[in-house]
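So that you can tell them apart, the chains are marked A, B, C and D in the order they are listed, and the count of residues begins at 1 in each.
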Amino acid sequence: ADLVWARYGDADSLDPHRATSTLSMQVWDQIYDTLLAFDMEGTPGPNMAESWEVSDDGLTYTFKLAEGIKCHDGSDFTAQDVKFTIDRAFGDAPSLTKTSWGPITEVTVEDPLTFTVAMSSKFGAFIPFLADSFSSMICDTNTAGTFGSSTAIGTGPFKLVEWVKGDQVTLEANADFVNRGDPVENPGAPYIDRLIIRTVPEAQTRLAALTTGEVHIAEPPFDDVAAIQEEGELEIMVAENTGQDVFWEFTTSRPPFDDIRARQAVAYATDPQMAIDIIYGGLTNREWCPVARGVFGNDQAFCKRYGYPYDPEKAQALLAEMGYGPDKPLETTMFVWTGGNRHKLAEIFQAQLAQVGIQAGIEIMDIGTMNARVKAQNEDSTSEEPGTFDMMTWSWYDPDILYQLWHSPGAYSGFQNAELDAMLEETRTTIEPEARLEKVQAVIRYLMENAVHIGLYSPGWEWVFAVRPEVSGFKVGPFLHPIFTDVKIEG
Amino acid sequence: MSETLLSVQDLTVAFGRGPERNVAVKGLSYDLRKGETLAIVGESGSGKSVSSMALLGLLPPRSACIESGRAMFRDRDLLTLPEADKRALRGDAITMIFQEPMTSLTPVLRIGLQLTEALVEHKAMSQREAEARAREMLRLVGLDQPERRMRQFPHELSGGMRQRVMIAMAMAADPAILIADEPTTALDVTVQAQILNLMRGLKDQFSTSIILITHDMGVVAEMADRVVVMNRGRKVEEGPVSTLFTAPKEAYTRRLLDAVPRLGAYAAAAEPRRVVEAPAPVGDTLVRARGMSKTFSSGGFLFGRGGATTRAMQDVGFELKAGETLALVGESGSGKSTTGRAVLRLMELDAGEVEVDGVDVRNLSSSGLRKARRRMQMIFQDPFASLNPRMSVGKLVAEPMTIHGIASGSELDGRVEELFRRVGLEADHIRRYPHEFSGGQRQRIAIARALGVGPKLIVADEPTSALDVSVQAQVLELMLELQQSLGLAYLFISHDMAVVEEVSHRVAVMRQGRIVEIGTRQAVLNAPAHAYTRALLAAVPVPDPARERQVLPELDVGTLPMGALAEVAPGHMAAQ
Amino acid sequence: MTTETLDPRSADADAPVAASARRKPRSFLAALLRSPSGLIGLVIVGLLVVCALTAPVIAPHDPLRMAAGPRLQPPTWDYWMGTDDFGRDVLSRILYGAQLTLQIGVIAVGISLTCGLLLGLVAGYSSGWTERVLMRLVDVLFSFTEIVIALACLAIFGVGLTNAMIAIGIASIPFYARVTHSVVLVEKGKPYFEAATAAGAGHLRLIFVHLLPNVVPTLIVVGTLGVSTAVLAAAGLSFLGLGAQPPEPEWGFMLSASRDLISRAPWMMIFPGLAIAVTVLGFNLLGDGVREALDPRQRQR
Amino acid sequence: MTRFIAQRLLAALVTVWIATIAVTLLVHVVPGDPVRIMYGSFQTTPEELEAIRVRLGLDQPIWIQYAKYLGRLLQGDLGRSIVGDQPVLDILLVRFPMTLALAMASLVIAVAVGMSLGFLAAYKRGTWVDAGAMILAIVGVSMPHFWLGLLLLFLFALTLQWLPVAGGDWMSLILPALTLGLANAAVLARMTRSAMIDIFDQDFVRTARAKGLSQTLVLYRHALRSGLVPIVAMLGLQFAYLMGGAIVVENVFAWNGVGRFAIEAVFARDYPLIQGFILFFATVVALASVIVDVAYAFLDPRIRYS
């Protein structure tokens, strides 16, 4: 049987080193497998690697691969393929997420099933990274120029049949697949014959296609979720432990947001709870922390202590202190990325901000563009234009994201200083969980007190699925990894 | 004569409804007899075309309305016939030739198809029979290579050839009645002569009855047996052609006939018709043109249509004295207008010299040229088109004076008023716009405009050919009067030999961009030295039905001398 | 000889032509009002202008205020066109949107008309190399089509309603340049132009006194029709998210926001769509009417 | 004729050539640093940006960049997209057939509906048929494509569920093609009507009637054949409009054509893609106009033989 999964957009690339979008990652997930795998709680465990050891200095990792893993082209998956993958990620055209591999200096093949990875310094986030799709293992037979667009050889549960860009990815079940770590019951190849991942940008169209049975699984229009649940025909699945975090981020290099009071004013003036209730109707949660629920270090009670509850008067007071008032509104621009009804959310925030005297224009753009523009804003500290702020989004399985975002030079060249740098370095080199938690929470507190990274809600994108009644066994693993090996279609 | 074939009675046609209603034909009656040629004459808009189209049911169905009348043909009333029956008559018993040969043939269909389709439709001929008949007709109307013509498209034929095709088409069905609506108006006189000959021949051969619509009294005299004169939709007079010309009953007819310029009327006089007591004498040389040449080419920059060139003017030279009129005559495309423009430098020459009033026009700077234009002005063929429709006529007349800083303010207003009076217009017309005037009035405005700056030279490019004969006479009168009282020099471009005879001192005949003959008017018109001039003169239809109708001479273009000019008599040169 | 066709009634020479003058409508406006399309067009455009000017007075609610009413309320007496998913009054938004629409029309057409007119005039008047090069370029740009030029402009300047207006303006310059050029060529070929040259008129006089007034009527027609194209194009860009940004009550943007709610709140789609269609219709009809009113053939009938 | 085709091809080539210049300039008029805007993802260091600059040749004088760009173009290399890092040409070629299918289907609808409506209106000029047809046409012209599309979608797909909504087969071509076709049919109807009215007023139609030909012959042989000439000339323009309209309609119906992807590229500021798109689009439109010109020449003997 064929399962059709409709999504609002298409993957950018089938090469895990050439894209960062969730839409891409979810496709890789089916084609490639990872050395380790998360369980439903988000704890990494063995998968293609049966076991691993860390040297005492914490700088060398030795992995043992499971036997008999086959690539889609029939070749054996060995330590050589691992070396190929990691070397490629650090090669001439490095992986877009190169730094998340950590300070790797060398990969050594000991024997076909054993390899070691050497690091220049301790790196606490290495093990979880190996369970994430960005560390997808690529077979070393992927040398064709077409890799990533029309060919993709992995060891995952599905093989690539065809990718019509912008339209659909056709995958077929990999009969050789053995499940060693995914949190599902099926130990082997998927039950379905083919998995068709189709692009259907319009939410209403997806819903219509779900109703007619053209499509089995799709993200429904948020406004219709309540009605769908009421009707009871389609099942609504909400992914948990997505690691997704939506937060305020500011151009701190120039006015007005070089002043902490302006940042705090924005935080006090906006009411995320109300906004998400209107737009997502209970499908997502207020998130107080800079790292999302399910990620190491997240503690709502802890974060709330340093957070900014909705308080327009306080916001107005702060603005008045800065010299803004009814006659002189604070003018700025809010960047938002396309899709997922985020523009509607922004519209609500815009209205809330207007009430305290912050006039925020909205600019909607692609996430890639937004990353680049935010960085450019921060680096342009002399501009006459008022600085901007943005509804930034990140999804990560580990608090190491904070290092990547705020350790200088920083992903956005934004807020940074030596004190914070030192604190962040400690979160990397401290491996022991309890000690690390302390370091991570110190950073969280620092970021929140300085109003640089203000959590809004979590999860935030592609986390709601409507599933047709004849489909059973569909599961979304932690950090938004949809798993299809258990799926069966009745009739 | 013989029996009546068509009897039109009390025909009234109107356009539009309500207050907009415009009666184009009112109570028109006439009879057409078998084998005769009935000419319908009258000035523009008098209803000639409308009355004949009504017979065939070709009026625009939604705007025109035949309000009354009958047209009896073979005991049936054409006007009330059902459309299907009318269609059966059209192209079979009654056929028609239209004025515009250039646009009356369907451009995307081959000549052969257009010739045969009516035969196939009406005569139940097979395609093959129809083609044979069409070829025969093409031969009959004097087209060579009929086979090839059949396969050609209209644009591959000249105007005269197309008109022959139209005639072949109309005659092929062997019609009882042929209606020819100004069949030669768009053609040159020499071609006109050929077509008229042809129609005469065909008529004799097939004894077809012809309704010939024309505004040219010469053509009437050459062709018609009887004449119906129309004015403003009504019949003014009807009678045999000879009586009409010799003893017109109505004043209107008389006026019409009087206004017709007749070639030869001034043959005895050396000067143009004199209209003032003491005309200004002819003075010194004002214009001296030598060796003017101009080649037009179309296309360029990568993808023009590429390469097609026209030699509009080759080695043209002449002199013109103050107070004198030099007429440029010749057929369409012979380069007359180009020559006129070259003198005023409205276009750049390839070679040659032009001197006006001692100034080398070709080498003037653009400001110098603008100044020089005070001395030379132009009047155009179409007075309406030559007046900017968005300016009041007062402004238009004042404009040249403003440009040359001759007057301003109330002085200017005074001058404009004076000019209006001078050309016979009322001063209270000043604020009106060109469309509110008649053709003759517009031409007067154009003349007033030219006069304002006190020019010495006026280039008049067919100044009357867009006007009806009676209006033409008035405009010519004005021009003569102005010349004789102000001493203006005219370069008078015309294709009408009779008009030229009336107004000019000297004549230059142009052909294919060259002057083939030049001399005093008497010399050139009375004793033409060049074969082309002779043919041109002979081809002019003479508005005198008493003259015996001869075959109009046709031109053998191959043998015409086109070399350099040589003197054949003092002051009279002709190409060798 | 050819015959005079323009006013055949006044055949005898100098008789005053009162008859034909009387038949003409007094003015352009009268002519415009006599044509049904002109009249309807004028009424629609007039209404649009009135809505735009009086929106702050006649709009029953604040167009931007959220929760001004219940969310997704179908049309009722309080909310004639219903409310949107933020509880904003759709009618008020549409009324305010008229301001943006007018702005789009004026700015976009203003840009393309001015630049196109200049280009076309210069090219048409100058002839020779200047003309060929300019027009070749215009032709090429024209064949890029407007939407692609607009996209390119937006790719350069970034998205936003103002940028979209400018982009649309720039995108249709080639069209206006072409129209102007062809009209200039026709006018230049008419004898009155040569007559003016012969009278000694200089470049400026030829261009501004003679050519321009004769070119302008055509451009008025084209410009009026152009407003409708510009409004459509801007709505299209806003619909794609490239034009208006929230919370601007631009109609195309409102339509785009209705997409997800098409079956739950069809009024959110129907009314802005109608507003666009009627406005465009109005300018189209007005353009047709102006064309008829300016066409002497039609006027004399 | 060969010469004519060659000329038209040459003209098309000039169009494309100017497009290449425009497209090269595009990146340079973008305010700010294009490399940072294009490649400045969160982990790129200044050194890496510099390396990209060198790799793309953006450090060289613009005319050298242009020469190199042309050189690569001649080898069919349109560069690589930023999002997903794939050859631009491949992306375009995958999507182009979809757009072409949509454009062609719409053209067929537009021509069939628009030309018959316009012809009918011209023939019945002044009657209620004419008035009705023209009211329909002007309403059609005034209706935004995307709104018409939404209405059709609402009606046929969501309410009546007659037509599928997701999926790339021919059934799902019906709605977008109808949307685009009807909108353009309205334009075409108006153009056809005025062209045909001009033709009906021509002397040669009067001649044909004077010959007593049947109505059918007059209409089809003389009037329509001649009327087709200007109408076909307009079709080239129409095709360009269609392609432009396709950009919007593809977005409404999620039709996987070049237009939808162009919008995505604008949002993503994926300049190599935008450049490729503009160049590609200009080429297609230019080629289409060559085809139309040639068809035109076949229809009009006056051009054929000169």
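The rule is simple: a residue touches a chain if its C-beta (ideal position, glycine included) is under 8 Å from a C-beta of that chain, and two chains touch if they have at least 3 such contacts.
The chain lineup, named per UniProt: B = Glutathione import ATP-binding protein GsiA; C, D = Peptide/nickel transport system permease protein.
Since the model is a prediction, treat every value here as computed from it, not as a measurement.
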Higher-contact pair (C-beta pairs counted), B-D versus C-D: C-D
Far-end chain from subunit D, centres as C-alpha averages: B
Chain centre separation (subunit B, subunit D; CA means) in Å: 48
Distance from the mean Cα position of subunit D to that of subunit C, given in whole angstrom: 22
Centroid spacing, where centroids are CA-atom means, of subunit B and subunit C in whole angstrom: 44
Separation of mean Cα positions, subunit D and subunit A [Å, integer]: 39
Subunit A, residues touching no fewer than two other chains: 202, 204, 338, 365
Sites on subunit C at which at least two other chains make contact: 136, 159, 241, 259, 262-263
Of all residues in subunit D, the ones touching two or more other chains: 14, 153, 158, 251, 267, 269
Touch relationships between chains, expressed as pairs: A-C, A-D, B-C, B-D, C-D
Sites on subunit D touched by subunit C in the complex: 14-15, 18-19, 22, 26, 29-31, 138-139, 141-147, 150-151, 153-154, 158-159, 240-241, 243-245, 247-248, 251, 262-263, 265-267, 269, 271, 274, 277-278, 281-282, 285-286, 289
Residues of subunit D touching subunit A in the complex: 32-33, 36-43, 45, 82-87, 90-91, 94-95, 98, 153, 157-158, 161, 164-168, 251-252, 254, 256, 260-261, 264, 267-269
Residue numbers on subunit B that touch subunit D, as the complex places them: 56, 58, 62, 87-92, 95-96, 98, 100, 103-109, 117-118, 121-122, 153, 155-156, 166, 169, 302-303, 305-306
Interface residues, subunit A side, partner subunit C - complex: 202-204, 221-224, 227, 278, 338, 341, 343-344, 346-348, 350-351, 354, 361-365
Residues on subunit C engaged by subunit D in the complex (per definition of touch): 37, 136-137, 139-140, 143-148, 151-152, 154-157, 159, 228, 232, 235-236, 239-242, 252, 255, 258-259, 262-263, 266, 269, 273, 276-278, 280-281, 284-285, 288
